[in-house]
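Each structure below appears as structure tokens.
One chain, chain A, appears in both complexes that follow, with chain B as partner in the first and chain C in the second.
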Partner chain A sequence: MQASRARLFKEYKEVQREKVADPDIQLVCDDSNIFKWTALIKGPSETPYEGGIFQLAFAVPEQYPLQPPQVRFLTKIFHPNVHFKTGEICLDILKNAWSPAWTLQSVCRAIIALMAHPEPDSPLNCDSGNLLRSGDIRGYQSMARMYARLAAMPKKG
Partner chain B sequence: MNEESNNSSASSSGDSNPCPICLGPIVQDSYLDKCFHKFCYSCIVQWTKVVAGRHSHPPSSVKCPLCKTENLTIIHGYDGSSFQQHHINQDFGYSFILTRAHKYRLQCYYTEPGIINDIFNASRFWKSHKYLQPNRWLQSWLRREIQALLQEEDVDIIVHHILGVIDSSLTRNEQKYHQKVPETKQEDVKALVSNAANPFLGARTDRFVKELELFLASGLNIEAYDAAYMQRLGWISPGVSSEASKEALNERTTVIPYLYIFDDDSDGPD
Partner chain C sequence: MRNQEGPQADEESEAATSIPTSELDDWANFGDDDIMQQQSAIRAEEAVKTLFVGDKEPLSTLAAEYQSGSPILLEKIKVLGEKYAAIRRTRGDGNCFFRSFMFSYLEHILESQDREEVDRVKANVEQCRKTLQSLGYADFTFEDFFALFLEQLDSVLQGNETSISQQDEILLRSRDQSISDYVVMFFRFVTSGEIRKRSEFFEPFITGLTNATVEQFCKSSVEPMGEESDHVHITALSDALGVPIRVVYLDRSSCDSGGVSVNHHDFVPAVGDLPNASGSSETVTPFITLLYRPGHYDILYQK
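After this line comes the complex of A and B, so read on.
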């Protein structure tokens, strides 16, 4: 408990210091609860998510960093490894492959990498996974881009 | 008892190279044995326990949190010449648990060498040829010492081997040594024992040989030796009163002339 607070506080200080260093990630801690964080990440370029801003919600367990944080997309996203309704993310480092050397910041980077490199063989969104698995790259990209426009980009006048 | 070294290691690590697990300055520097990544001792031990908790049969290795290399032990307590090893998931099961006596012996290896030299007079031991008198406590002392150093229970083969080397080196060529200065004998015996022990004890060999010499020179049984040793170090001896240690010292002073008288008779087996 005390250890997780101390570590999150270190991460908080690091985030303040690094804010300019990584323009693709904006990590903010909840005002009243250091175990709740929100992140805004930029959709990676040359992907259907390019130009979108995606919001992530972090729930950090008291055993952190021995246990991984729970992360989900708050912004709707069409991606084989993200549950379309709940925003749950299927990513090994958030489960079995978690290591205490990961930080909230590096988890954000891993999620950006997952957006650029979907794993259609372990899908949480079967429609999206099936499109990729059947080789319909264009179909997947159009769907993903459409949802990114609808949910992750500012509405045009 | 390691307060000082803890503090110095914590301050030397600083914020520039924090522990990857707690992100704070490293407390009790610990390294994984294959990749040599550095962590706080408690952080990395805690992590191995979390990993072990996921398996019904905990693996005897742990993946480095930084590089995923499989590691078998955590190296910690490095003091410039010696270190301790924590075997992954070897301490939850059947494995050997050090007794208080083992721990006290291990702690002795972290004290300044020579702290006890004036109580157990080594040079008199060699000059008076006291080593020709068999020491019937030596085997038990060796077993405990090696168990403590290796943190393993079954050390019979090593004890047998080292005991053999000690016995033969102490008694052989006694005629030849009789004319020489006792220091030659002392050096030769220590070199032989050192060679025999080195494959097992590594960096701790030199200190082990010194401790062995002191134990032999003391002429005491193990309880009395422990009491005298701990009294000198200012440690509370488990279950031995200060009177017992006084007795022990008296015993020593009476033993020496006895051995001296019989010195000329004992020409050794050859």
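After this line comes the complex of A and C, so read on.
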């Protein structure tokens, strides 16, 4: 418990220092609970998510950093490896490939990379996975773009 | 299954996912996380049957395990008994090599009070720190693990403020997850750093094991807790810390001549920039001896 708190505090300081270096990620710690974080990440360019801002919720376990943080999308997203209802993310580093060498910041980077490179063979969203697996890139992209517009972009006028 | 995970796991899952409990009955709502948690719960249930590090047991307990098993194994255990007196079992949670090494090493220092060895290892630990820094690891990701290992090292040397004098105390610490897992993780960082630093040397061995690149291998098979160790890990750790390790192999292989012998392999650390001169040097006798049975490492004690 003490160890995880100390580590998170170091990450907090690092985040403050790195803010400028990584403009695609805005990681914020809950005012009253260092085990709760949220992040705003920019949809990567040249993907259907471009232009969107996606919100992530982090719940950090007491055994952190030996155990991974639990992360999910709060913003609705159409992506093969994200559960459409719960926002749960299927990413190896958040499961059995986790190690303390990862940080909350680098997890955000990994999630952005996952948005740009979906893995349709381990889908949490089967509709999205099936579109990609059947080669219907256009179908996947237009669905993903539509949901990004609906959920991840500020309403115009 | 959720109810069997103990209060802590429940708290976590509730904090992370706000799925209403009524929906949980519906199969469609079982996500990856639920399956992962069930898996880790089963693993945890199996694992607690053995302590992280067990008590020292006479070698006869090993024979008892195979009483109705392979005659070759029983024969080999008899041969083992000529040189070795006891075994100390470790938990089969994928960390057994590192955990066995940790206990064996600290126990050796406690018994020998070899200050030179401690100074030598500390110098190597500093080198490992530099290696990780030069590979681009942020200090705060590994420094806590380094600090905890150095703390353990100081505590087994007498005359320090925090000294411990009892073997029982190392045993307690090795069984305390908050210490034991941190030291295991320290070794994983050290091993990963060494492999990546000398990636040209390790690459052919890694390609022989998996299809992964050196970096992928370190990220997926060295750094994560619970990933099992192979000769690549042992070579790297032995080299990085400069500590020789003997591994005695107990499997069902036999030789054609009919006689049964137990093979061992000495991992002897590289001197200077030379690669690990495994097995070729007769001058170094490792003070750490591990018993390998396919998939698992325990600690062996010489007579």
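The working rule: the second predicted complex is superposed on the first by the 157 of 157 C-alpha atoms of A that agree within 3 Å, B and C clash if a C-alpha of one lies under 4 Å from a C-alpha of the other, contacts with A are read in each partner's own complex, and residues count from 1 in each chain.
The working rule: a residue touches a chain if its C-beta (ideal position, glycine included) is under 8 Å from a C-beta of that chain, and two chains touch if they have at least 3 such contacts.
Computed from a predicted model, the values in this text were never measured in an experiment.
> Do chain B and chain C fit side by side on chain A in the superposed arrangement, or is it a clash?
Superposition result for chain B and chain C: clash.
> Touching A:P100, do we find chain B (first), chain C (second), both, or neither?
A:P100 contacts both chain B and chain C.
> Report for A:A59: first if it touches chain B alone, second if chain C alone, otherwise both or neither.
Touch partner of A:A59: chain C, not chain B.
> Does the superposition put A:R149 against chain B (first), chain C (second), both, or neither?
neither
> Of the two partner chains, chain B (first) and chain C (second), which one does A:R5 touch, if any: first, second, both, or neither?
In the superposition, A:R5 touches no partner, neither chain B nor chain C.
> Looking only at chain A, is it chain B or chain C that touches more of its residues?
C
> For A:R72, is the partner it touches chain B (first), chain C (second), both, or none of the two (neither)?
second
> For A:R109, decide between first (touching chain B), second (touching chain C), both and neither.
So A:R109 meets neither chain B nor chain C here.
> So the two structures are superposed on chain A. Out of 95-103, 167-175 or 203-211, which stretch of chain C collides with chain B?
Stretch clashing with the third chain: 95-103.
> Take the contacts of chain A with chain B and those with chain C, and give the residues found in both.
The overlap between the chain B and chain C interfaces on chain A comprises residues 3, 6-7, 10-11, 14, 65-66, 96, 99-101, 103.
> Which positions of chain A touch chain C when the two form their complex?
3, 6-7, 10-11, 14, 35-36, 57, 59, 61-62, 65-66, 70, 72, 83, 85-86, 88, 90, 92, 95-103, 124
> Which residues of chain B touch chain A in the complex?
It comes out as residues 18, 20-24, 43, 46-47, 50, 54, 63, 65-66, 68.
> Show me the residue ranges of chain A that touch chain B in the complex, using the header's touch definition.
For this pair, the touching residues of chain A are 3, 6-7, 10-11, 14, 63, 65-67, 96, 99-101, 103.
> Give every residue of chain C touching chain A within the complex, in rising order.
So the residues of chain C touching chain A come out as 8, 12-13, 15-17, 19, 29, 31-33, 36, 137-138, 140-142, 144-145, 178, 181-182, 185, 188-189, 192, 219-220, 223-226.
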